[in-house]
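Several structures are given next for inspection.
Two complexes follow with subunit A in common, the first pairing it with subunit B and the second with subunit C.
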Partner chain A sequence: MTTATVDEPAPGTAARPPREPRPGLMTSIRRSWDRHWYAWAMVAPVVIVLAVLVFYPLGYGTYLSLTNANETNVAKDIGPVHIGATYHWVGLHNYWQVLSGKDGDFYPRFEWTVVWTVACVAVTYAIGLAMAMLLNRKVRFRLFYRLCLILPWAVPAFIGVFAWRLMLNSQYGVFNDIITSFGLPAQDWLGTPLSQKIAVIMVNIWVGVPFMMVALLGGLQSIPGELYEAAEMDGATPLQRFTNVTVPGLRPVTSTVVLLSTVWTFNMFAIIYLLLGNNTTGDTDILVTYAYEKAFTGVSDYSAAATYGIVILLILVAFSTFYRRQLKSEQA
Partner chain B sequence: MSATTHSGPAASTATPLSAAAATPRGRGERSRGASIALHAALITASAIAVFPVLWILFISLGPSTSWQQPHEVLRHLGLGNYRFVLMHTSFPKWFLNSVIVAGATTVLGVLISASAGYAISRMRFPGHKSLMWTFLITQMFPMAVLIVPLYNLLAQLNLIDSYLGLILVYCTIAVPFCAWMLKGYFDTIPRDIDEAGRVDGLTPFGTFWRLIVPLARPGLAVTAFYSFLTAWGEVAYAAQFMGSDHSTLAAGIRTFASDQRADWGSMTAASVLIAIPATVVFLLVQRHLVTGLTAGGTKG
Partner chain C sequence: MRRGISAVAMAAAIVLGVTACGGSGSDNKSDKGAAAKDPAAVSGTITYWDTSDAKNEAPTYQALIKDFEAKYPHIKVNYQNVDFTTVEQKFKAAAQSGKGAPDVVRTDVGLIPEYASLHYIAPLDGTAALTDTQDFVAGPMNTTKYEGKTYGVPSVTDTLGLLYNKDIFAKAGITAPPATWDELIADSATIKAKVPGVAGTYVNPDSYFLFPLLFGEGADLADPAGKKVTINSPEAVKAVTEAKKVYDTSSLKVDFASAYDNMQTSFKTGKVAMLVQGPWSVGDDLTGSAFQGKEANLGYAPVPAGSTGKALAPTGGHDLAVYQGSKNLDAAYLFTQFMTSSASQQTIAQKNGTLPTRTSAYTAEVLKNQTIAGFKPIMDTARPRVALPQVGSLFTPLQQQYIKILQGKTSVQDGLNAAAQEFGKLLPGYTVQ
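So, the complex of A and B:
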């Protein structure tokens, strides 16, 4: 048990044992097992759960995307009769349909998904940072404000969305009463495509700000106060202190939360689906909700839904690879 | 904001008391105007954050049609909606299902992601880097591509309409984020503590369990909060995978507002009841939220 199976070099120093002449394959596997079985045992539960419930379905989804499976030709049981699957392999046909724009929906949906993601992440980040900076000062009732501001995170999303649905209702909703009292024109918020888009972005921001705020607040607190004092000594204006101390100090947190929230927003299914339900023209569908509709409304088109899923995944992987590489080159 | 411009009238009086008041303001102090602006901004933001939640609470206290006449609510305050939801619907059953699923997801999710996070933080082993990358990638899987294959898989394993199936599915959502966070949090705990434990004859797992877990409470609180909320509020999987007997709150509550019948009164009361446990969990961990979240996030 306690044979030093776990080596612990400080990160970076990498105290490798001296290279021996190449041992046989079996020996090296056994040696590696002896050294690492403890670590592997500790990560095993996570790996197994992910492998079975994420990667297997992903592989299966990839397979479906290469066929023409839909509701009419998959295996099913009608009463006691079992009908086998009759769909067949079509190669990259589905991908060609999507990427060449032949299905007519991909590029418009992609465009709106990008607008939606950028708008949501940018505004959420800006508001979250502003709130974090306000809360990072000495303020009376700070705890009270913090609790209020985090509340949208604590309430399950579908309830928050439901509350907004009641408020945005064009006939009885209180939201129109509020904005008309500020002199703004009332809107049919859940009616026309444009106002629907504004409404979903607004609700998503409402839901997303608390996470951003809490993460950035932690980041602000980890910036040493001496840096600000030194900057002040050197006669830096508040704006200069912000751009030269706060922004660089927040970089590690920023890079993580922006990446995470971009991924989450890109795949944000619940808010659009729950806020608008079925009364959309399809203009407000982002790629994920569009894929979901392909899979579950009308004649379910499983292969098209799977194709969209894989395309979404590839877009996000490409984005995050690029993003991290960019960050690394900036730091270097 | 420069500190010297605000000596003001107090500086001219020579009593020792006001001399203290006249010392130049340090950083973080501000004029009254700035204070008012600060509070105004915070109050506005808090109001926007809280209003939708309070609005639901307010509507739920009225009669069942009150969402159409918010003005009438105050004149007919009552708990009729709550009584109806608790007595005449399957709400208590759904509630129990949700408690089971969310509770188990939290415990299981935090346990396995903590052990994985610890292994990644402290031990160098083949697959260590790629595991972190995998956790990030897993966040990117669109649910829409997984849900059909997942349904087939669960059907083969006989896990459709069972608690275990849903719990495991929720773990796949919660665990990657939690493991990522906790790995970062463990990184901030000095390694000396591990070594001390090892010297005293603890196994690596013993070190983790007896020494590191108690120290990592803020990080664990955040991940518990995240896991609980994920399981408590998830709609799509719950609706597809669970039959009516095992449906959770998020899936069950939709039957209040089906196409045939829109019972918004019950819906508001149920929403408030659902929000309460989530808010309680939140109040328990909120003290740890800031420290726990950042320590994890920054070291990703």
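So, the complex of A and C:
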């Protein structure tokens, strides 16, 4: 059997030989390069930036999490003095320490992180949706209301959080001034771990609602008005219109904002750290704040912090995968 | 993604701290012998990281640097003010990679063992940086030692004392500040009864402020000689029990999220009669309604004593340390020497009101400053903290348990046992009881 050497087929050739042998890997890469080199050239900067900013640190972080590296045993270049690295490979030891609960910190922190994430996302979504629906009607000064409600988003997070900290101050805060002027007893808003947890959730909701509201408002505006009219004609009650038109119509937006919001909240470092300061019992630390302490207090423990970083990443990847799959199966 | 710190960013942060391998400067190290002969011939540029208060204290240091440059015209000093709270991580990151590290850094005395154990700072024995060592007050000088070598030169010192409001004491009929913690509790009860709306004290829940109580009972965080964690020893339990008693009976209710600010506000507005505090807080006190324009109303006393009968408080303050990888060690040594000389210390003391570390710097002129005059006798009660590289890490678990104890979420013994367990993880080779 004589095989005809197939030259580069001219683009647009309609009739291809039906039994063309599958080209080898190298051949196909070469062909793809020949044909699409300009595309590769276009994406090269992005690939390089991603490699430098994402893949290399991620790979290095993973590597550190498999060693016992800390500040005392990593390599140091101190001018003329060069001290070589003396840390070594410990396999999955760090992960075993964390996941078996041997370090005594992972599960309590994880439990609170989950409570914190679920509470924040659920309430933020509910309030955001309610506000979006209010603002989606024709009311006077609608633009003014929208601007007001977006304001918390425009304020830098740390300024907003410090303002809350001042207002919640148990001795000199404005909340206690108000309630004591009504003759009620002053409250210690940030006095116990439980009240601290409630306070951080509240502030995070305050910070998160504008984003939720804007995203959902966009979603609401993209639902065609005819659907509501048709439902009204069919005699649907407002509640029925909400559950049968609004909710399904918002689904694509909802799935995205809930996913984003979950990932952000799970890793929301600034609010807890800034609102409560250093004098805490440690019960209010989420996984990220805990990892930060490992890496940045005293003699840094790089391997433990990297392990927590990778574990957090895996939890979020697992959650996103599961969540997307669940949504797909619901839509199908 | 403006709000999240992702795991990737976390990893990136860690990596950036770790890598960035340095290939710089191992060649142009100048000859030490030559400098010892002729300091005036030393030339080059050095960087100095100052951690003093950028607004109130830094101008004094900058003026001194001008004097230094006039004295050594071949040396140029690049002055950088770095925030006190972030300098540790910044310096360590720069020092490890060998890039961007300063030649001289102003260092909290508690960090010397950590920097020294990580080889970041140079031993100074026998260099130009250390001169007239017998002139230094023993307490501050001790903070520079690690494993028998000297790694810093004392610049300013401080300790904790008992600051009190003389007006409130007079109104309550109290003639002398309390000498023991039990007297402090009794005085607080008197003040509460006789001066309405005023509390005895405000307990600072920061674990550093636990030291006077621990030292007063002869307790400490750990015992490096015996390789033992001692934070749950019977003495420490006694000390923390006393702290809890002070908190329950004598303190204004503590707002844990804003403890330091509320403590200061309460004291300077006359809502609290006495505080365990350091000299750095006096400037702020004098801006409050209780002390503004009546500096004499502020009383200074040693911290109350524990059951051992001794009033003891931790030595604080700052040392100047020289980066081991400095390209211009000779200039760095000369600069350190100049900034810690008796003349420079007198200037700093007079302008900033901080306590000098040289005996000869306590001149009549310097002692005219009320804060310095008030704290000088108290400095006799200062003793160094345990010189462990991990001391910075030990504060976090102790702090968390201390707050649980104060809030009544755990007993003193259980809390300190839990802290001891955490100490055990941070101190390899130490036994925990």
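The rule is simple: the second predicted complex is superposed on the first by the 280 of 332 C-alpha atoms of A that agree within 3 Å, B and C clash if a C-alpha of one lies under 4 Å from a C-alpha of the other, contacts with A are read in each partner's own complex, and residues count from 1 in each chain.
The rule is short, and it goes like this: a residue touches a chain if its C-beta (ideal position, glycine included) is under 8 Å from a C-beta of that chain, and two chains touch if they have at least 3 such contacts.
Everything quoted here is computed from the prediction, not taken from an experiment.
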Touching partner for A:264 - first (subunit B), second (subunit C), both, neither: both
Per-residue contact with subunit A, leading partner among subunit C and subunit B: B
Touched partner set for A:45, first subunit B, second subunit C, both or neither: first
First (subunit B), second (subunit C), both or neither touched by A:58: both
Partner chain in contact with A:111 - subunit B first, subunit C second, else both or neither: neither
Which of subunit B and subunit C A:280 touches, first, second, both or neither: second
Subunit B versus subunit C as contact partner of A:228, first or second or both or neither: first
Partner chain in contact with A:34 - subunit B first, subunit C second, else both or neither: neither
Touched partner set for A:134, first subunit B, second subunit C, both or neither: first
Partner chain(s) touched by A:71 [first = subunit B, second = subunit C, both, neither]: second
Touching both subunit B and subunit C, residues of subunit A: 53-54, 56-58, 60-61, 64, 157, 166, 169, 171-172, 263-264, 267, 269-270, 288, 291-292, 295, 302, 305-306, 309-310, 312-313, 316
Subunit B to subunit A touching residues, read off their complex: 1, 27-30, 38-39, 41-43, 45-46, 48-50, 52-53, 55-56, 59, 67-70, 112-113, 115-116, 118-120, 122-128, 131, 134, 136-150, 152-153, 168-169, 171-172, 175-177, 179, 191, 194-195, 201, 203-205, 208, 229, 232-233, 235-236, 250, 253, 264, 267-268, 271, 274-275, 278-279, 281-283, 286, 289-291, 293-295, 297-300
Residue ranges of subunit C in contact with subunit A within the complex: 1, 3-8, 10-19, 21-26, 29, 89, 92, 95-98, 114, 117-120, 205-206, 252-253, 255-259, 262, 265-266, 323-327, 389-397, 399-401, 403-404, 407, 409, 426
Subunit A residues within the subunit B interface of the complex: 1-2, 5-10, 14, 32, 35-36, 38-40, 42-43, 45-47, 49-50, 52-54, 56-58, 60-61, 64, 127, 130-131, 134-135, 137-140, 144-160, 162-164, 166-167, 169, 171-172, 174, 206, 209-210, 214-215, 217-219, 221-222, 228-229, 232, 238, 252-253, 256-257, 259-260, 263-264, 266-267, 269-270, 273-274, 287-289, 291-292, 295, 302, 305-306, 308-310, 312-313, 316-317, 320
List of subunit A residues in touch with subunit C within their complex: 53-54, 56-58, 60-62, 64, 69, 71-72, 74-83, 157, 165-166, 168-172, 188, 190-193, 196, 207, 263-264, 267-270, 275-282, 288, 291-293, 295-300, 302, 305-306, 309-310, 312-313, 316
